[in-house]
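Here subunit A shows up in two complexes: once beside subunit B, once beside subunit C.
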Partner chain A sequence: MPSLPIWQFDVPLLILVVLFAVVALSIRNLMGTAIVFGAYSFMMCLIWAGMGAVDVAFTEAAVGAGVSTVFIVSTIYNTSATMPPRPGGLPFKLFIGVVVTLTGVFLLSAIPDFPKWGEPNSPANATVAPYYISNTIADAHVPNIVTTVLADYRGFDTLLETTVVFIACIAIYSILRVDEARSKTEDSGPVDAEPHYDPSDSLIVRQASRFMVPFMQLFALYVIAHGHYSPGGGFQGGVILGASLILVAISFDLKFLLAQWREKQIMLMVAWGVFLYAVVGLGCVFMGGNYLDYGFLNPVLPGEQDMARSHGILLVEIGVGITVMFSMIGIHINLASNGHFDRGL
Partner chain B sequence: MDILAGILISTGLIFFLGTTIGLLRFPDFYSRMHAAGKGDTLSTVVILLGCICLISTQGDLSWILGLKILLIINFIFIGSPTATHAMMDAGNKAGAKPWKKDAD
Partner chain C sequence: MENLIANFNYVIVVILMMIGLWSMLAQKNLIKKCIGMAIFQTGIILFFISIGAKDNALIPILTEASDHKYHDPDVAKVANPLTQILMLTAIVVGVATLGVGLALAQKIYREYSSFDEDEILNKQTK
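Moving on, here comes the complex of A and B:
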């Protein structure tokens, strides 16, 4: 077993990450910045994979490099790729420089207080982590400890995280969605007058995505269902499911997607995911346990207490997956069509 | 098997080098995309084939891992040329002019 992290990989990757950050700030075209940020996310994903945090790396690859790049690009599509000139004269720049430098110094001064990477006596490694590592199989029959910690030991955190995704989706709806009946101002779609490329013109793109999308969705379901045994879970699988439908929306047409999932259905499904999670928790209360204590579900779910916990984890992961998938689709449609839900990227 | 893996992976790296040189040296958008699209796809596929050779000797279940890598190869083989096509088409519609020898 080689010692992790492998510094021969990590040092060049970290240098590249810093370089990408500098490049992203210095490029004057926002589309270029979006692409550089995608590359930045991929580098972070590689660093995390090198540290052994495969679940985090997976999430970063799906969310950071994949879907959020699409979100930024569709925002640029509806606004403009050119940056306005930066405001302020020399005193303003000096002030900004001092603030940024001071913040950096404060953050860096905290580094010596951190425990060393993998330090066995640090609080995180000395108290709860050994319990998780030695008991996850006996408690919940789940070999992937991350999944047990995420959905069982720390189930409340994940419930609230899912609620945060739900709230973020509602916030984006309430900011961007245009009420066609009430809005009097004439908004003629994209501000940019440049000739835009429409991928739905191309037969090759359509056929390729027609071939890829079912496999993407199959893989996403595998990621959700197999999250007990391998890296993955509701968040990653939900993002991949959402990305597959976003691919449909981009390569065919926004109308094509909206013909199958109407706006109300999308919003309802976002709420249903959180609801499923919360109901599984309530079910445990009715069975005589604590909230989200899946072991008490064993009269309903197959198997003994430990298998019931495993199945309970699967149920809440499905809830997380539904919420994340439909929030991604809802956010993309809002951003791409400027809140009109008719046409767009 | 390890020797075969080494040969395949180094072939892939040579193709990657060609891709990078082409990307930096070619005169216009279309020829650069040509270098990036073809070289990138082929070298990734060759490197992944090398990875299959590398893992094929490790354990009973390595064929499942090999199968997964084969599926990845399949999707790269479809996805990467499609992305190149979409970018070429977008460049064409945005009005990128092909390079001509006498014009420069």
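Moving on, here comes the complex of A and C:
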């Protein structure tokens, strides 16, 4: 058997990931599915960290393993976790199995044509990426190359991705939100699943999160501000900030959170984040440069052209952080209260 | 066969994509369809990260030399940052779209009080 070119550590992890994916989909209780899916995300996160993608691993740990598990659990909380047994349907499943196997065989047949794993001169690694690696210090004085590419070299990409998060938040509001007056008359039937327990009863959970939340928020601000020099940035910091307020909503009460941040304010903040990003780009146009060319901001921002780019990246990351933070909260309060905004997970 | 072992990562990518696709097509439960979509997505992310990985490379964060200056890095020894940032944004957008999917599932449950595809179709025809 030829020696594997990837690290020995990765092989058991890759096998575990497949195992977890199969287990997550075959458990008949949806709550179990959600938890195993969280474990799956953590395994994925380890694999990516092993391949040197620390920023991606950080994001996955915050988003995939943390927030998305909360989203799935709050959906289940409002609906039902059980799956009725459904016998039969074997021909259909066999047919789908054949289709999927055929697709897999086609994809597998393409694998021998790929460059070897870890090849530094493969097309993906040899075209534009070397420029980013060797010029990040001279252009923007940011040692974390991922941050430079994210907010500067490929600023348009990130601007539109932030817009997608904003649009997804609006979409969830328009799908789930219930008009209060209408819901009063229609409030019957299986819409309101009775909560099995009152989570706000637990003194321990409440006190623990009361101590944890300030440190989480401080850490998140550090992640945003220090994203130039270490793994992190607007996306990760925003998700952690959002998660800290989601923790408040879960451990205390949804109303407790909504008393401090009204839904209108939350929606406005989501928009303000994208707005800040777009305005920084427009500022560059007014200073005589191209859109999102932060170097031209150096009359306004301190430092020479490269430091102006560094500060422009920070401004943009703050915008991304605000949007991501409040859209995570907005999505959570909708999913957790089934659109009623009164009580929930 | 030797090629498949040498590119073990990509084999796992294909298997994950097959699992995700199977779940989206064959599972009757809407939540499991959403999770299948997420698994499919992580398969693609793993594919991109595998492409950008370099053997014996460092993470894409440069470090100061002993004279507190950044010298020109050895490009072959720094992991590809480009595929990483593309996937970083894809993860955050992925959780937002997963939220949209779950919201749709909740809305359907409100109407039909079931996640089961067949049951929903039965109630629609009645």
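The definition used in the following text is that the second predicted complex is superposed on the first by the 321 of 345 C-alpha atoms of A that agree within 3 Å, B and C clash if a C-alpha of one lies under 4 Å from a C-alpha of the other, contacts with A are read in each partner's own complex, and residues count from 1 in each chain.
Keep in mind that, in the parts below, a residue touches a chain if its C-beta (ideal position, glycine included) is under 8 Å from a C-beta of that chain, and two chains touch if they have at least 3 such contacts.
The shown structure was predicted, so the numbers you read here are calculated from the model rather than taken from an experiment.
Enquirer: Quick check on the subunit A-based superposition: subunit B and subunit C, clash or fit?
Expert: fit
Enquirer: According to the stated criteria, A:Leu30 is in contact with first (subunit B), second (subunit C), both, or neither; which is it?
Expert: The second partner, subunit C, only.
Enquirer: Between subunit B and subunit C, whom does A:Asp55 touch in the aligned arrangement: first, second, both, or neither?
Expert: A:Asp55 sits against subunit C, while subunit B stays out of touch.
Enquirer: Of the two partner chains, subunit B (first) and subunit C (second), which one does A:Ser202 touch, if any: first, second, both, or neither?
Expert: A:Ser202 sits against subunit B, while subunit C stays out of touch.
Enquirer: Return first, second, both or neither, reflecting whether A:Phe235 touches subunit B, subunit C, both chains, or no partner chain.
Expert: A:Phe235 sits against subunit C, while subunit B stays out of touch.
Enquirer: Counting residues of subunit A touched by each partner, does subunit B or subunit C come out ahead?
Expert: On the superposition, C touches more of the residues of subunit A.
Enquirer: Applying the document's definition of touch, where does A:Val99 land relative to subunit B and subunit C: first, second, both, or neither?
Expert: A:Val99 contacts subunit C only, not subunit B.
Enquirer: Of the two partner chains, subunit B (first) and subunit C (second), which one does A:Ile246 touch, if any: first, second, both, or neither?
Expert: In the superposition, A:Ile246 touches no partner, neither subunit B nor subunit C.
Enquirer: Looking at the overlay, does A:Ala336 come into contact with subunit B only (first), subunit C only (second), both, or neither?
Expert: neither
Enquirer: Regarding the shared-chain residue A:Met212, is it in contact with subunit B (first), subunit C (second), both, or neither?
Expert: first
Enquirer: Of all C-alpha distances between subunit B and subunit C after superposition, which is the least, in Å?
Expert: Once the two complexes are overlaid, subunit B and subunit C approach no closer than 12 Å between C-alpha atoms.
Enquirer: Can you pull the subunit A residues that subunit B and subunit C both touch?
Expert: Common interface on subunit A, subunit B vs subunit C: nothing in common.
Enquirer: Give the list of subunit C residues in touch with subunit A in this complex.
Expert: 2-12, 14-23, 25-29, 31-32, 34-36, 38-39, 42, 45-46, 49-64, 70, 72-73, 75-76, 78-100, 102-107, 109-110, 113, 115-116, 118
Enquirer: Which residues, counting only subunit A, touch subunit B once they are in their complex?
Expert: The contact residues of subunit A facing subunit B are 194-195, 197, 199, 201-202, 204-205, 208-209, 211-212, 215.
Enquirer: Inside the complex, what are the residues of subunit A that reach subunit C?
Expert: Residue list for subunit A touching subunit C: 1-2, 4-6, 10-11, 14-15, 17-18, 21-22, 24-25, 30, 33, 37, 40-41, 44, 47-48, 51-56, 59-60, 63-64, 67-68, 71-72, 75-76, 78-80, 83-84, 86, 89, 92-93, 96-97, 99-101, 103-104, 107-108, 111-112, 114, 116-122, 124-125, 128-130, 132-134, 136-137, 143-146, 148-150, 154, 157-158, 161, 164-165, 168-169, 171-172, 175-176, 189-191, 229-231, 235, 239, 324, 327-328, 331, 334-335, 338-339.
Enquirer: In the complex formed with subunit A, which residues of subunit B make contact?
Expert: 75, 78-79, 82, 85-86, 89-90, 93-95
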